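Next, two complexes with chain A in common: one pairs it with chain B, the other with chain C.
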Partner chain A sequence: MLADSKTFDLRELLRSGGGTAQTRGVWIALILLIAFGLFRYDNFGSQYNVLSFLNFNSMFVLISIGMCFVIMTGGIDLSVGSVAAFTSVVAALLSSHGLIVAVPGGVLAGMAIGALNAFVILRMRVPPFITTLATMLAAKGGSLVLSGAETIGVDWTTNFTRLGMGSAFGTIPWTILIALAVVIVAWIILERTSLGRIVLAIGGGDEASKLMGLRTERAIVFVYVFSGLCAGLAGVILASAFGAGQPLEGVGWELTAIASVVVGGTLLTGGVGSIPATVAGALLLGLIFNILNFENGRGTISLSAYWQSVIRGNFLLIVIVLQAGLLTQRKARSQDG
Partner chain B sequence: MNAPLLQMSGIDKSFGGTAALRSAELTIGRGEVHAVIGQNGAGKSTLIKILTGVYTRDGGTITFDGKPVHFHYPREAQAAGISTIYQELNLIPLRTVTENICLGYEPRKWGMIDWRLANKHARELLARFDIDIDVTRPLGEYNTAIQQLVAIARAVSLDAKLVIMDEPTSSLDDREIAILFGVIRELNKSGVSVLYVSHFLDELFQICDQVTVMRDGQTVAQREISDTNKLNLIADMLGRDPEEIRAAGMTDFSAAQAKTGDVLLEAKNVATGTRLRDFTMRVHSGEIVGLGGLLGSGRTEAARALFGVDDVTAGAVKIDGKQGAPANPRAAIGQGLSYLSEDRKAEGIIPHMSVRENVTLALLPRITKHGQVETKKERELVERFVKSLGIKASSIDQPIRELSGGNQQKVLLARWLATEPRILILDEPTRGVDVGAKLEIQQIIRGYVEQGIGVVLISSEFEELVEGADRIVVLQDGHSVSELRNPGVTENALVKAIAHHYADRDAA
Partner chain C sequence: MTIDPITAPRRWSLPKFDLTTLRQHGGLAALVILLVFNLLVTPNFFELQTLFVNISQVATIAIVAIGMTLVIATGGIDLSVGAVMALSGALAPLIFLSPFGVANPELGLVAAFTLPILAAAAAGLFNGVMVTFLGVQPIVATLILFISGRGIALVLTNGNLQTFTNPAFSFLGTGRILGMPFQGWVALALAILVSWMVRRTVYGRHLLAVGGNEKAARLAGAPVHLVKIATYVMCSAMAGLAGMIVTAINSASDAARNGLLMELDAIAAAVVGGALLMGGRAPIVGAVLGAIVIQLVKFTLLANGVEDEVALIAKAAIIIGAVYLQQTRSE
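On to the complex of A and B.
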């Protein structure tokens, strides 16, 4: 297992994490943006800013990781935002029983929706896009029904809010550590296990995978349940961090997650993907907001949240175009040689 | 007017220095069904793609309906009256039959689509072909044959003068084929020409008027179908002398005697839902059994049946003494079978993965401990195969897509050899591979056979079968019809065996 140092080589894991032409773009953009922020704003590198930035974005990192696995098989999961809203309501309703009940409750609710997605896709042969669009609507409706269309305040007398508001050793928010743990597990699954190989093989060639006798159906079930798990966890964090189950949250989260995955160099057709680069993609998207907030704070500009979205969208486009450029350059070179 | 509808002459086309067409010709008269036949790589599809504007020709002229034409885009060809019915239909299954027929050309009333008229129009059009279906239902609810006919109806309603059908019967059953042929005859009556591409020679004699035969990018013959027979067509396709084939048609290919060594695989009168009807073969330990036959004769279908990809509907399969065909590829691999499939791109390589990952995919369960891939073991194993098979890659972590065709094929061979198969099925193992790599691959296979595995070798190259196989089972129209034994088999003998059955039938 993990402790077995002979089979666990961190260097190889790191090597597989970055370096390819697809993922290089996101790292360059992330580093440039961080350098820009550090140079321009005094408090950008402060512990407070860094931790609150990571804290807030841990939810997006989580759903992006789940989305990454789904997209690597050539599928898509549009239900993640609604699932997060749904599980935030579930967790809030269970919060009086404390973390021990509310966290598993929320996460299991997310996994159940993921299992439903996989079942419909595999057994009823409905395309992932339509399947998850349906469960997206269903989960949205479910959270509205469950909450009576109002935010559900959590029980502050139990330990439930410690998950989203508390910190380990009084400094690092638990949410960051949870997201980090999921990232590491996901990374290992993708790079080190046969399951990860099969996920990539399905996206690279469905027919070939079947002819090799790979257990493709099991892998499909895994990616959707895992995506549900990540979304469920994000929902629990949402409820815990903001003190309420929020049935109206999560709108557009699936698009943020897809954007993070794509910026991280994962092909929408599947077969290629990187967990670290996906994390970088999610952080990059969050960082743009963070920097615009600083800009607003300096008073040099005053942008509404709407304009911030416009700017973020355009920035995203630039990164993707640059990446496409890097790829075609490389292709041209390899054809010459 | 007796001027032909379509005249393509002197068509040249090359891709990156390789000539795909050399001064190819095609002349189609008005209201005729014209077949284009040839082996794989003969240039049929390139010629058609030039006609339909998918490719641009390097040289030559095309005259269509009396005017010189030069189509740059498929829609230009369509506008001029050339409609193509693709194997994979380019229709919209979720929309109704009427919409599929009228899309883009709907009848209008006060600026709105007049659905009543559109439905009536669609019904009348289909009635011409004796088809009576509910045109307001989604197209996807109907079977492939109906969908194909709707595609044809659309072409007709757009005033197509030439309808191109690419392997139209490959997914149809006999009854559906009869309906399709009825439609084609109806088209002819109204003066529409049909360009018909098919590997199934029987069909040509049922439906076609003229046939153009292509070989190596050239048009080698155009014949009136009533003036020729299958033997001649095969001779044209293969570039052999028909008299020579006919003379040898009487040669007796006696059934081979059982070979010493254990029987690893036995198939008796096997049929599947696809094109395999009656297939019998036996593979012993330490021998290579070739499967010979023309395209569409059932070679690949036989391999898929043995490997558990297609369900066996009749007959018996026995593997290593155990009755029953494997239920799926996974079970087949468990029983010691391996199948190197024909289509390297779609069914073989995983392009984004490294050489290492491509080799070990089918082997994952054996190099996984507690769910984790044992990297050290994996690397050793892959390095060993890279070395013994002479795979040229910068490292085992190089993406497979960057390798040459020959090296990709060796990687796939390594994938299957690594599973330590008892029976190895190779479907066109050396296609698209340069001569050097080809010899190496053949030597590798021979080496493994000497160690006692059994090999089923499928190849369109007669030379490869004649030189590589110990026995050759010849397939025709899904039937195994004869068996040749080495030593002593010549290429001519194989060609004769492939044509033998046809010679008999033509004589009868």
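On to the complex of A and C.
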């Protein structure tokens, strides 16, 4: 059914840059949730809570950004969680050489897996879903082999842990600034470069973009390598912030990332997408957990952490139902016209 | 896409094992290689004991993979099977350990066998309605229950392991008939039943038509929505059954681990068995073969002292290899 709307629509493409009805929903939800938190809990707006919330969620923002690019081409990257675990192990093993080696090492490992994804998808013509499912397993196996199935403590004598635990100017954690930098770069690439337009065009219609003479293969390589880069960076932050390379971490991260992208109004069929809305989606999902903690802190109710996933699932449900409503409306309109 | 003549409805006959079949089923070739390798290398492989151990392990993968193959045949995918397993696996002991179940052991047992399957079927109904009436992509639609299904199971059990002693229920996972584990018989029966359904019933015809070309199927008068919903319901119900089997094997329900990553195993088994992700093919025998291949890879590596971690990489290579072969075949 959704395949019907897969035709390339330039007007739609131009309009999507400025925020559509789909992306507006996530902002409204985010603002309402923040207002609710500020109104209800005393320390919700405190510097400590805001910074630690953003600090923890910077990893999820990063992988969601990478995922957003992949999904805009109509693909999917299930390997991000395993890649993050893998690169956290790589970075931890390299941590004795300091940040100067460990960060590029971890990020390059992530990009290498991204490049492998792109190769299998383009040259072996295996669908993205299956390709990244396989690299997800392979990266998990790789990180377990590399680490001997144990967490790898980082070297505390070097400056490696400063990345995840230190703060710029003594206030803002580096992780937040890194995530912010990646968000801005990704936003510029999507909105202001031809590469970004090609990414959206592929999602709008792969064949049509090829016939238009767009260099689609390069763009597809870019999105998977970029997703690997983001996951690699998240893995390095994981190792640095928690002081250990964790081969068992990252389970379900890919679905959190997909959920963030979907909540942010990006269609899984590709062709439409927004970086800021994806960030908002990631923060929204994180905020649910944050508010749950505050609610438990008040002592009036006691919801176990297990409720978190139930509530997240329901949020996803609401957003998807709203999106589905919008889609059918638009389809009805386009059929009238 | 046209309907593949190999799997299109036809007179019921035993699958032919000649060269064409070998080319059609990359999974079969893999199975033969694995068997020969094990016979030559693995100590004690050619023993009934080994066979039964593997059968008891493979049954749950096969049961879920059969359902997954049906969903994939519609061009969809079901990510929620693992979560549904956790849900039904947690529900069953809750029912027969409840005051009602303890007071009426027989009634409690009947309820413990039926209610979890119904709950799982309800999950499938939810997936199906999302996919059909709301037009949500299958990955996203089933993602909802993937996330919240296990959460519900954990909330129900408060995250605790529920251990129990209930021989009647445990028979599902530990019982034997003619020496073969009971769940092996269940998987076999389901495979035969569903193969028959795909080949010989109106449902099967519609299923392949919907997956082959949904628009054409709708114009031809196939009840597209009904077929899809029924497929998701069946897939979830089978996942629910598999979840109960896992609980019965362990004599304990563990909502955090039951069915974890099962969606990947099931998808891999279906794909290795020859299912096309675009839909239109429902190789049920292939799915069972695929499940056996996946289990044998695990077993082969384990029995020969290769670490579990390396098995993951091998599994990844098998999945890519199987789909790559499919791609070259369809060109």
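One rule holds in what follows: the second predicted complex is superposed on the first by the 303 of 337 C-alpha atoms of A that agree within 3 Å, B and C clash if a C-alpha of one lies under 4 Å from a C-alpha of the other, contacts with A are read in each partner's own complex, and residues count from 1 in each chain.
Just so it is clear, a contact is a pair of C-beta atoms (placed from the backbone, for glycine too) under 8 Å apart; a residue touches a chain by one contact, two chains touch by 3 or more.
From a predicted model like this one, the values you see are computed outputs, not experimental measurements.
*Asks:* Based on the superposed arrangement, let me know which partner A:Arg215 touches: chain B (first), chain C (second), both, or neither?
*Replies:* In the superposition, A:Arg215 touches chain B alone.
*Asks:* Scan A:Val272 for contacts with chain B and chain C and give back first, second, both or neither.
*Replies:* first
*Asks:* Considering only the touch criterion stated at the top, classify A:Val120 as touching first (chain B), second (chain C), both, or neither.
*Replies:* second
*Asks:* Per the contact definition in the header, classify A:Ser46: touching chain B only (first), chain C only (second), both, or neither.
*Replies:* Neither partner.
*Asks:* Classify the contacts of A:Leu195 with the two partner chains as first (chain B alone), second (chain C alone), both, or neither.
*Replies:* In the superposition, A:Leu195 contacts chain B only.
*Asks:* Counting residues of chain A in contact, which comes out ahead: chain B or chain C?
*Replies:* Looking at chain B versus chain C, the one contacting more residues of chain A is C.
*Asks:* Contact-wise, after the overlay, does A:Ile258 reach chain B, chain C, both or neither (first, second, both, neither)?
*Replies:* second
*Asks:* Taking the superposition as given, does A:Ser304 touch the first partner, chain B, the second, chain C, both, or neither?
*Replies:* Only chain C is touched by A:Ser304; chain B is not.
*Asks:* So, does A:Gly205 touch the first partner chain B, the second partner chain C, both, or neither?
*Replies:* The first partner, chain B, only.
*Asks:* Please report the chain A residues shared by its interface with chain B and its interface with chain C.
*Replies:* 1.
*Asks:* Please output the residues of chain A touching chain C within their complex, sorted ascending.
*Replies:* For chain A paired with chain C, touching residues are 1-2, 76, 120, 124-127, 129-131, 133-138, 140-142, 144-145, 149, 255, 258-259, 262, 268-269, 304, 306-310, 312-314, 316-317, 320-321, 324, 327-328.
*Asks:* What part of chain A is in contact with chain B in the complex they form?
*Replies:* Its residues touching chain B are 1, 6-7, 9, 12, 188, 192-195, 197-198, 200-201, 204-205, 207-215, 267, 271-272, 334.
*Asks:* Could you pull out which chain C residues touch chain A in their complex?
*Replies:* Its residues touching chain A are 77, 79, 130, 134-137, 139-141, 143-152, 154-155, 158-159, 214, 264, 267-268, 271, 277, 307-313, 315-317, 319-320, 323-324, 327.
*Asks:* Give the list of chain B residues in touch with chain A in this complex.
*Replies:* For chain B paired with chain A, touching residues are 307, 309, 328-334, 339, 341, 346-353, 357, 360-362, 364-365, 368-376, 402, 415.
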